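Letters A, B, C, D and E name the chains as they come in the text, with residue numbers starting at 1 for each one.
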Amino acid sequence: MAEALVEVRDLVKRHRGAARPVVDGLSLTVARGETVGLVGDSGCGKSTTAKLILRLLERDGGELRFDGANLGAARGRELRALRRRIGLVPQHPQSSLNPRRSAGDAIAFNLRAHGVPRRELDGRVAAALELVGLPAAFARRRPHELSGGQVQRIAIARALATAPALMICDEPVSALDKSVQAQVLNLLADLQRDSGVALLFVSHDPAVVEHFCDRVLPMERGRIVTPTTTGATR
Amino acid sequence: MSLEVRGLTVAFAGGVEAVRGVDLTLPAGGTLVLLGESGSGKSATARALVGLPGRGERVGGSVTLGGRSLLGLRGRELRALRGAEIGLVGQDPSGALDPLRRVGPQLEELLRRHRVVGGGAGGHDASGHGASGHGASGHGASHGWRARARSRAAVRARVVELLEHVGLPQPARVAGSFPHQLSGGMRQRVAIALAVCCEPRLLIADEPTTALDARVQTRVLELFGRLRDELGSALLLVTHDVVAARAVGGEVAVMYAGRIVERGPAARLLTAPAHPYTRALLAAQPSRAIPRGRLPAIPGSPPPADRPLPPGCPFAPRCAAAVGVCRVERPELEPLDDEVAAACLLAEREVVAHG
Amino acid sequence: MFGRTYVRESQTAAFARFAAKRCALAVPVLIGVATVVFATVALIPGDPVTSMLGPGATPEAVAELTGRLGLDRPLPLRWWEWLSATAQGDLGSSIAQRRPVGEIVMTAFGNTLVLAAAAGLLVLAGGVALGTLTAVGRGRASGRLSSALSIVAISAPQYSVALLLVVLLGVQAGLFPTGGMYDAIGGGGLGDRIHHLALPALAAALVPMGVTARVYAAALTDVLNADFVESMRARGLSEAAVIRHAVRNALPSLLTIGGLQIAYLLEGVVFVETIFAWPGIGQTLFQAIQARDLPVIEAGVLVTAVAFVGLTIAVDALHWLLDPRTRR
Amino acid sequence: GGSDSAATASDAGGSTTAATAAATPTRSSGGDGSGGTLVIGSTGATLPNPDTLIGGNGWEGTRFVANQIYDQLVRWDLTDDAAVPRIVPSLATSWRTDSAGTTWTLELRRDVRFHDGTPFDADAVVFNFDRYLDDRSEFFSEATIGDVGLYAGLFAGARKVGPYSVEITTRGRDGHFLNDLTYIPIASPAGVRKSGNAGFARAPVGSGPFRFASQSSQQLELVRNAGYWAGAPKLDKLILKPLPDASARIAALRSGEVNWIEYPNPDDVPGLRDAGFQIVSNNYDHVWQITFDQSQRPWDDVRVRQAANYAVDREAIANDLLHGTADPAEQVAPRGTFAYDPAGDRYAYDPEKARALLAEAGYGDGVKVTIAVPTGGSGNLIPIPIAEKIQQDLRAVGIDAELKTADFDTLMKFMAEGRVALGASAQAGSTPLFASDAIFALSVKSDSPWFVGNPTGRSVDALVDRAAATVDDGAREQTYAEAARALTEEARFLTVVNDRNSRALAPTVHGFVQPQSWFLDLTQVWVGQ
Amino acid sequence: MSVRLKLLLALTAALLLAALLAPLLAPHAPDAGATAQRLLPPGSAGHPLGTDGQGRDLLSRLLWGARPSLLAGIVPVAAAALLGTAIGLLAPLSRRWVETAALRSVDVLYAFPGVLLAIAIAAALGAGLWTTVVALSIALTPPVVRVVQTEVLRFRDADFLAVARASGASWWAVALRQALPLVLPALVVYCTTLVGIAIVYAAGLSFLGLGVSPPTAEWGSMLDELRGNAYTDPVLALLPATTILLVSILFNALGDALRDQLDVKERSVR
């Protein structure tokens, strides 16, 4: 296995007032350029894990490392710098877009966080939309003017636009028809080949997971159980 | 109750034509699966059927349910119909829930509103195992606090049961939770529970299982099946999941660029589609057999919704089989035989040729 | 079977923790207020001695009185002594009025409380009614009318409104008394007091009512546009029920703006108190400031500060209870 | 305007009782009636403190509360509206002083009882003087340093020389001893002992015509002292309501909630009169003036000060702005004082002369000055409109005055420190000059701790000192009048108007005589239908 | 942009222009008058709106008075909006202790009476328009903080904010470009209500001698000067009040129109 890009050890998260932790001693690693599937029953803690890795939720225990840096202890500027290298496609694309800002704004926001100069924004936004098969005119649309699949593609485009080292995709293709899904999966595969992005991929679709992941980590009640490798063509 | 849709159009401000004349027939107890490209107008169709156009949305055509025209309905009549006769599972489950109220009371309110349990005339109860007992407790003179308390308890029990039916583990805990405390899949199941709780005669489900694992998905589809079988409810299911489409069976309609391009029984259409678009869609199914990065996607993109369709077949620019006439003449949905209809000039020829 | 109900995580402990923390934080806030008042009063020109001695005080008299009042001691010391005395419930005695400060301030605050309670009721009732009508009736005549009403309520200068009420309803129509809390001669009954309360409460309520209505209407309009409201309609809930839930969701905003307006009323609406000769805390504090009556200023500010902080805590606590998402 | 007739301008509603019948302090039983409740809307923002120690609300508190609850050893005769009030016996029936003018022996009235029934005697006087002056006395309070302290400034102490005879000593020769005594109320020693210093304000006991009944945050109530030694007052009850806002006072009067208001807004006076209300006013010791800071240019030049005095159209202010509720003041001594000289009006409106004087002083091209003006405050009338008018008049002759406003207490603070307020070069405000000798000295002497204009000349100081030490009334008053004339000539002030202390009374109020004083006598007033 | 918004913006511009061009538009000098001409009724020759207690032309004074009044009405509201929004956004989006410290400090300010504050500021700065502006700015800030904070709490845990933070954007970018647009409608509505109120507050401070000094025309102090004439000249007395009323209505209506402009969901209707 290649060197680890993300290393999560003994992650614990307990929601206030909850009886038991939703994430309970979870450990996983994702190597550079690797695609790891995270599967499990609904409610087992996958989305929570994703948020914990990005430090969007504060964990109650465990260690987080990203590319050798102690992500778990990073603060301020350092944390922001690390986050910039991780892309996130959240589970509910509709609510992951600011209802008062346009789709283009959403993508431009991430680009600006990466220091893309203002004058290049329009072009980069259009390019990102193009990648997910949407015309550039969609940049002006607000989230409620888009179909479910279009919103999901905006979310993917947003994460892709900044060329992250790791992408955490929470059900990224669930709302896409098979053809667009194929387009997106192909795109991710191409990117991975070209730039070596690592993927942590949450999905319920066995076909997608089996087709797409190097490794599948089954999750149950907040922890990983018996990791298996898929026999994906490789 | 049977649903008849004729020439349905949905347009948005800015000249967006999301639905461009759709005809659908869905008999009582029937199932119709709506498949189609992202952005082709499936959700817009679904919402229009419930009489819920978004703001700035214009709906044309005719929709009748059990012989009654839906599009002209207003106020009280429409509200009596919604929820009780027509259930809708929206595409975005987070948008279905009041963020400040616990899940249980949201369901309770609906049950009371449509008098399924806990209020006067109880409805049928066909969806549950052993559900027969609950309806009764709501009947009769529910005077006095004791009766009210009993009816209240009955409603709550029913809520928990409903949540169990949609495959939620620990349903009592979910009922006591706020929406933001639930995972995506849990929320989606709650949204389904909200739509089916009043045992509607027409259930419209817009991609209801996207966040559910196969096991739960099966369970939900079974639930829909029970509604259909026991109450004769009709089901309109929007999905991308060919497996699910196959599982529910019935009719399948394929939408492209705001129009139905192919229609037929699931068994036939999903194995031997006539329309090149349907064919391409099915081919794009990922599987272990296809090397990563090589999924056969349909090249190009659908015609923009905010401009009038160019002449010819809307799919022609992306169609491998397209011939010259495809770019000139727009195909209408024509029956190919007594089961299947397709909007493809080539498909007609093919059938003719085959026939 | 009936025993089967929902499983909810208990909020009681969490709420108790929140409330305790919030109340504990009130102490530094109040000490902060006391400190700022002290510093401010030290900054402003004029002192109680001159106000007290009036025209003709000799420097010796000034020096002597200053010494006797302890005003020549260092500010931090005075601050500390006042703080510890206050903590023990001793607010001292008014320099200008020679009466116990506690009595002066509490009476005045009590009077303001009466006025604020009456006005507050009008503010909330009127604000909610106008706000709901505005939001629900958007694009219709009813909405436009209630919106216009709330705008006019805000815009009419309070002073002129009060004067107009007095001139028209008090002096000319003779329907209401023009000022005071009760009839000077033989007054004081409940009916008499309510009669006297009517105009000042109305005058005090108009602006805050309009503000409440507008901000609340904006929040409610937002909620009514939310997806879940559309979903509720799709489920056939009655329009009344839909609005009820929307209102419930706009409640945090209403609470905030309503709280702000009631705080404003509790501070004592000086204009209204003056025109209607209502001996409330606003006037009292205003007079005390003019006379540089330090003990009264400090106690008056402290009493209003306690009321403000109490109100803020109540509003925050209601937020906590109303919106689980805001808990942290 | 400017009539020097001292007649009470009470001419409304056919009520003619004001000037005549009430002059005799006898209690008539039927004829002109008695009883009723007088409700007074006063200008103070708070209720006066009924303790003797602090008058509270300045002379308004003294007028309506202290003087009604308490008697002094001597008092002003306030029953005559045609003459400047003189000092007459009250609790003391007679007095004499030694040749040094530092020891005064007073014989006390024998038939006086306090409201609590305890008798008034020499012990009571000594008790009160100890309370005010002796910081070893049990009931001494630091508050005496305030109001009482000002007037009792020269007093050394009181000694009982007989059951109804006391001896009061002064620190120096005190020509204005009696004047000072009118400001020293005598409280019941038993009452003070009973409630203590701290509680006395809530249960004040005196021997005056009215006794304390109650005080709430809204009003203070006094009731008739039926056993008053000078004859019981006619009113049953006297209620005082603070109504600081002028329009609130008018509203209360018009709607019948009060039947007496102090200082109606001048613009409302004609309307009130038309509506049947009595407007009473009279001369009294009041002047609204601007004090020049003579240490600054241009006021250091007497010609400029005189020019300013000539520049102001006082008639317009008195008649247009104040609707005759005030008279033009063209000399320092106000009407309604012994020092007023009907022939002494010096500065009639004459802008030409003003310009000429200015040019002579070298300010022909105009000059900039600043004037500090209070925004309100007792006796200040309508300070801002008056100041604005003055500003216009001054500008017309080339004095460009910038107005700087502040609340009265802020200005007082500056004044008490001997500085002109807000860095201005002149200071506006009103003052009584001759009602209290103590105040007069502080208001004009160049070594006063107060801001009095930093005068350069000292001639006035000598006159004032000499007057203060003169026991003989006639001689003292003449000296004061001389001082006033000198002040007028020096133009230390820009005197503007003499207020006429107007008040509005409901038609139902009878028997009131408006004296030429800050104070008044309410014993003959009654309220009818 | 809606027709209504355009119209209101035009009116506002006209108002500001009138204030700016007061020297050209006013028929008389604002401080010139004779007591013989005082309290002339509206419609008098040469004085279309009549004269005040000093005989000064009311129309001219209203025009000139627009300058300080609009300044006192708009600048403090703008300043409070800026400061209040900054704190109201910062606090709930920051770490818990920052939130607590910021909000409780605001409470201190909030519980502090505005008059005292104004007097203290006047002591430091001297009386004048700027004292009014500073005092009002400080006094209006805490309420803005609370309004903004409440709005932020509604979506503090929303996914889109999480995603925005996950992008590694700086705090201020998240606050400004993600949170602010959501707060803006309520903020605009609230702040525009404050304009009229601030003009009246400013009058109160002038009355205390802390604001503009006479004879400067300012609507609030004109209101105050003429209030004594409620019984004698009610029409004149109501003129400044009416002016304030109309201007305040204008700003409120502008707030409504702006709110609607910001509401993307509704805008598609039009």
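Here is the rule we go by: a contact is a pair of C-beta atoms (placed from the backbone, for glycine too) under 8 Å apart; a residue touches a chain by one contact, two chains touch by 3 or more.
All of these numbers come straight from a predicted model, not from anything done at the bench.
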Can you give me the shortest step count from subunit A to subunit D, moving only between touching chains? 2
Sort the other chains by how far their Cα centres are from that of subunit A and give me the top one. D
When A-C and C-E are ranked by contacting C-beta pairs, first comes C-E
Centroid-based (C-alpha) most distant chain relative to subunit B: D
What whole-number Å value describes the gap between the mean CA coordinates of subunit A and subunit B? 28
Distance between the CA centroids of subunit B and subunit E (whole Å) is 52
Any idea how many Å lie between the Cα centroids of subunit C and subunit D? 39
Centroid from C-alpha atoms only, then distance subunit A to subunit E, rounded to Å. What do you get? 46
What positions in subunit B touch 2 or more of the other chains? 12, 54-55, 92, 94-95, 180-181
What are the residue numbers in subunit A that touch two or more other chains? 92, 95, 144-145
Note the residues in subunit D that touch 2 or more other chains, in rising order. 247, 254, 407, 410
Residues of subunit C touching subunit E in the complex: 25, 28-30, 32-33, 36-37, 40-41, 43-45, 147, 151-152, 154-160, 163-164, 167, 171, 207, 210-211, 214-215, 217-219, 221-222, 225, 252-253, 255-257, 259-260, 263, 267, 270-271, 285-286, 289, 297, 300-301, 304-305, 308-309, 312, 319, 323, 325-326, 328
Which of the residues in subunit D come into contact with subunit E in the complex? 246-247, 250, 254, 265, 267-268, 270-271, 313, 316-317, 320-321, 373-375, 382, 384-385, 387-389, 391-392, 402-407, 410, 422
Quick check: in the complex, which residue numbers of subunit B touch subunit A? 12, 16, 35-39, 42-44, 54, 91-95, 169, 181-186, 189, 206-207, 210-217, 240-243, 280-282, 284-298, 301, 304, 306
Residues on subunit D engaged by subunit C in the complex (per definition of touch): 37, 39, 45-46, 49, 51, 53-54, 56, 58, 142-143, 145-147, 149-150, 153, 198, 201-202, 217-219, 237, 239, 241-245, 247-248, 251-252, 254-255, 257-258, 407-410, 412-414, 416, 431, 436, 438-439, 442-443, 449-450
Per the touch rule above, subunit A residues touching subunit B in the complex are 15, 39-43, 45-48, 91-92, 94-95, 133-135, 137, 144-150, 153, 170-171, 174-183, 185-186, 189-190, 193, 204-208, 210-212, 230-234
